[in-house]
Amino acid sequence: MIKTPRFLKRGDLMAMVALAVLLVVILPMTLDVFRLNLVAKYLTYAFVAIGLVLCWGMGGILSLGQGVFFGLGGYCMAMFLKLEASSVANTKIQSTPGIPDFMDWNQITQLPLFWQPFHSLTFALIAVVVVPTAFALLVGTAMFKRRVGGVYFAIITQALAAILTILIVGQQGYTGGINGITDLRTLKGWDIRSDHAKLILYFVEVACLFACIVVAILIRNSKLGRILVAMREKEDRVRFSGYNVANFKIFAFCAAAAFASIGGALFTLEVGFMSPSFVGIVPSIEMVIYTAVGGRLSIFGAVYGTLLVNFAKTSLSESFPQLWLFGLGALFIAVVLAFPNGLAGIWRDYVQVHLVRLIFRRRPPPGAVPGWTDDSVADAAAAE
Amino acid sequence: MAIGFKQREFLLAVEGLTVSFDGFKAVNDLSFYVDENEIRVIIGPNGAGKTTVLDLICGKTEATSGSIQFRGKELTKMNENEIVLAGVGRKFQTPSIYDDLTVFENLEISYPRGRTVWGALAFKRDAAVRERVEAVAEMIFLKDRLDTSAELLSHGQKQWLEIGMLLIQDPDLLMLDEPVAGMSVSERVKTAELLHRIIKDRSVLVIEHDMKFVEDIAHKVTVLHQGQILSEGSMEKVKSDPKVIEVYLGH
Amino acid sequence: MSHRNGDNSGRRGSGWLTPSRRNILAGIAALPAMSLIPRTSFAEAPATSVVNTTGLAVTDTEVTVGILHSVTGTMAISETGSVEAEKLAIAQINEQGGVLGRKIKFIQEDGASDWPTFAEKAKKLLVNDKCASVMGCWTSASRKAVLPVFEQYNGMLYYPTFYEGLEQSKNVIYTGQEATQQIIAGLDWVTKEKGAKTFYLLGSDYIWPRTSNKIARKHIENHLKTKVVGEEYFPLGSTQFNSVINKIKLTKPDVIYAIIVGGSNVAFYKQLKAAGIDLSKQTLLTISVTEDEIDGIGGENIAGAYACMKYFQSLDNPNNKAFVAAFKKMWGEKTVIGDVTQAAYLGPWLWKLTAEKAGSFDIDKIAAASPGVEFKGAPEGYVRIHENHHLWSKTRVGRARPDGQYDLIYETKDLVEPDPFPKGYQ
Amino acid sequence: MFGDYSVGDLGAIFAMQAFAGLILFSVFVLMALGLAIIFGQMGVINMAHGEFMILGAYVTWMTKTVFQEYLPSLFAGYFFLAMALAFVAAGALGMLVEWTLIRHLYRRPLDTLLATWGLSLILQQAYRSIFGAREVGVELPEWMMGSKHITDTIEVQINGLFVMALTTLITCAVAYIIYWSRWGRQVRAVVQNRVMAGAVGINTEKVDRYTFGLGCGIAGVAGSAFTMIGSTSPTAGQLYIVDTFLVVVFGGAASLVGTIASAFTISQARSTLEFFLSGSMAQVLTLLAIVGILMLRPQGLFTLKVRK
């Protein structure tokens, strides 16, 4: 009678298969390389959205600074690629060959110390995850131990995003300033700009995405996942059940940061540059809307939400650039007012009900009662 | 060492406890002692500082001065969760449960294992957990509702669930804030029965208005008034105290 | 309510033009200067297989180009003028028979003031739409973002903004000035005419103002042998300048050299005026305020300041008169035309002339044929494309009038050679 | 770094810096007051606050245009009418927004954040469609421009004085409304206990609507005043949002005195730092300091200690 959580619930597996079919089979077969690369770009945001499901949807911690982690991850990757692109041979015309072009423009004659380790790919890959996560740990510890939460946390993370943007833009000799780090070409000699590379990178990214989804599902299905939900509802009760609430919040925030950072690094690889425009407030809030549209509790919903909003953005802004902002604004309002559970909620409340009736004719399967636990079922269904 | 001796004698020793909110002293130089296995009821008019005393003991509110010793540990210097680990359990006035989780999950979260982040990640729902949860569920009359979402429970059932969540922690000191408030008559009877069962083998600190209920369970009664002790002793003694009659029972 | 047709610029204009056709025709009728431009008739149209060997979007009657600017977001303020100018140029070229006998059809994309979006849209225009050329970008950051795309997919970008230099690409024609063209002549002039000895350099905090000020400083210190007494940068969008204005009051520089952009400009000049710094007495030289910006700042707040540009709306020559008239006919009487708008207008024309010189739309042939292409109908006068894909053009100094226009004070005698990698200034 | 200046110069520096700091202070207070009312009193996070300010600025610009065309003789005084209109327009829009949007979200503060962000995008695009993407210039009457000579080196900006006077006036008015008027008592009653306030006969819906309207109206006046020192364009409102929120949060959201004190602290810190460092670094350092202090004292500078 009492369900024993398995490694992965059946619903999750179904949803995963459905998503895999979409991402691995349908999209690559129907889209040309250009559109597929766009999908790859959108999917990098899905990493952030999945992190936000853990942190915001489940844990109730709204971070308006996810761009910081996305950006830090992306910058770590970009620093490695830029160093590779700035070989002495490639930068002969500079006054100091062998350093990134923007440093040369800013009269820097020597590679700064913190850039040095990024000659190593291993170091860069580790830094991609470790630097943003460590930063999240620092910020999270400082805030949650002092019980800063809710609205205040949101505003402070927003301020952090603003600070980091100003800092990156202001220190352009070291960071490339507002232009960002551009013109990235090769990864260990492999041209990442070719169509072939884009295709391979796409599949690498999908693999990473699934790895993150599995990790997120494991977290959600563990007791920790239930504690996060419990904490969102009755923080004091959790505290008086003997848990150190701050530590769980820090964990959720760090996990979200780690996911975002992986997305950022992949973004750099897919798009070929990184700029402070991802670190700021606007992209950070936009990333929240992807999660909200997908359904803030649904891991798979986050992926679909991201894809949907970005598809809408690209197609609407191609034909009606002015309408797009109205559309995006309306989306924010609608998802808050009318569909707080987003796509996953719509699926569960409207589509799934009919499907279930159609298939089972008699009774709904166990677990179709509204509630977050059968969210995975909704996910599975949403995927089909 | 005389003080050390005293600490071992009492389960809970509150001494000179004071808290002031912006000049207003909600609790003023309060001292009282609770023995092992004692059931102590705190009564007093509204605003007497009863709930604040519980808040202070469980760490929700920081004391301005004074000390709270629990088994020789100074609680005023500890975090809420450390206080829980030391063996103090607290039930809130309004039922504080997790609406979005099932009854089973509510109880499971309170199961005293896997309370660190990594512990919670590695936590396995094994036979021991299930047995314990089922046993407690039976005690709180919710055995057949384990898979129900907690938000669908009645008010009384929610109160029981929260009591169950405390039971599963197996605290040495159980603090209950108005456990029967807002219950129907039949629920009240059942709750009294439940409380009688669970207060064995542990000390209990109860805030309650229902005098019949108080008389029924209390070993000793403390009457609070304006953050200070007005009277303390057996129910009989307190009832006949003229000061008490004046400020509390009198109206 | 609309005081200008800002909303027109945003609509996707694939195919023919969106704004009222009557206006365009009227605008073109008012174009005596167009007689200067060689006419091509439809009958002469060479075969598509000849002019297009690389699969660009060229049919027997049409050729597709892209327009890539921000019509939403913060940069829409600046880029609107460029979009308008490019649409005007395309309309005029089509009226004259198009390019190599083909009408120009344009596809407009919105960069949304976001650099990655620029890269994405650039890629779309090149890969999906196969545009024969793209007029676009405004900020350095957007250009840097699209540059690898243009190089990888071999496209042709006509970039209108004055910029920091340090760049040269086969795939870009820079129709604005690189930094030395805008800076050096102006500094020489202010030193000679105003006897300036001390300079205070100001800028928004990004690459163009910083690089420009670096060149200015080298020129001031090494060539003019005068002194820089202060250098300050402000975050983009900053609106508080009282502190720096106080510093300026104390150091009393002969020249305030200001490269502040966007909304900060408005705050800076308003606060300067409020602080009692009278621009009729205090020399201020800017390279970032065109007539477009004055519209927002308010002419009364900046009157008396000097700007160093290559074009002012008030230039007195037949080309410019016709251009201004046509522009106003198309986009409204109240529109103003700044330096960048004019440079954007050059893009389609230079591309047309180059295609006709090369006899082909192929990117490689356009790139190769570009050096030496001259445009005699340019509103700024005469321009010519240099080997390095920048333009030879004059440097001019104007003085702001209260009505928002500039009076031409000085112009270089000869065209100034573009030098994107200036020796001794790096 | 003071080596180059004489003692008299130094005195003048400090006098003028202090004055610059005061102007910045007034600006911050103006920006933050509306938000402090909405956030502090109602718990609503209005991310569209900047757009309400810009609405005020556009209203000012329209008034200017009308006066220039039709009433040039009265141009000297148009600004006062413009400010009143800005208040009415922004307040009316605010009440409309409260009615359609905010009132459904009082229990979900984080969701008001998202919804009002959506609103801000819509407003920005609406401004762009109506007024064009470019900045509009708001001309001031002659008497409001320029500065007064105090000494040779010290000058006082007239519009700075104007902003200060305006800020003082509005702050007093708000303080009166919130703390002394009958309506203010109702607002505070609703804030403290919505159910109880409703039970004793206060029309809580009406109180909410007017409170939100008041906050937005003040934002409109702030926007109107900002045309004197800043730019008016569809996206200009976004520049202010982070600063404004930090001022309010730093001050302790529920306290008017706190908001004023925090505006004072932040503005003085910023303007002093700006003098010694570059603008960018000054901004980064001030923001970092605020975030740091907020971590140590999350409830803000000035809050009452109450039982939670």
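We call the chains A, B, C and D, going by the order they appear; numbering starts again at 1 in every chain.
Just so it is clear, contacts are C-beta pairs under 8 Å (C-beta built on N, C-alpha and C of every residue); 3 or more make two chains touch, one makes a residue touch a chain.
Keep in mind that what you see is a predicted model, and the values were worked out from it rather than measured.
For chain pairs C-D and A-B, the one joined by more C-beta pairs in contact is C-D. The chain with its C-alpha centre at the largest distance from the centre of chain B is C. With centres set at the average Cα position, the gap from chain A to chain C is 37 Å. Spacing of chain A relative to chain B, judged by their CA centroids, is 43 angstrom.
Averaged C-alpha coordinates give centres for chain A and chain D that are 34 Å from one another. Residues of chain A found to touch two or more other chains are 166, 169-170, 322, 325. For chain C, the set of residues touching two or more other chains reads 7, 10, 71-72, 205, 233, 235. Counting only residues that touch two or more partner chains, chain D has 125, 128-129, 238, 278, 280, 283. For chain B in complex with chain A, the touching residues are 58, 60, 79-81, 84-85, 89-90, 92, 96-102, 104-106, 108-110, 112, 114-117, 120-123, 125, 130, 134, 146-147, 149, 162, 165, 169. Within the complex, the chain A residues that touch chain C are 34, 37-38, 41, 93, 95, 101-102, 104-107, 166, 169-170, 172, 177-180, 182-183, 185, 193, 271-273, 275, 277-278, 314, 317-322, 324-325.
For chain D in complex with chain A, the touching residues are 43, 45, 101, 104-105, 108-115, 117-122, 124-126, 128-129, 238, 241-242, 245-246, 249, 278, 280-281, 283-284, 287-288, 290-291, 294-296, 298. Residues of chain C touching chain A in their complex: 7, 10-12, 71-72, 109-110, 112, 114-117, 119-120, 123-124, 127-128, 139-141, 144-145, 147-148, 152, 164, 166, 205-207, 210-211, 214, 233, 235-236, 421, 426.
By the touch rule above, chain C contacts chain D in their complex via residues 1-7, 9-10, 71-74, 76-77, 80, 205, 232-235, 237-240, 242-247, 249-251, 262-267, 270-271, 273-276, 292-301.
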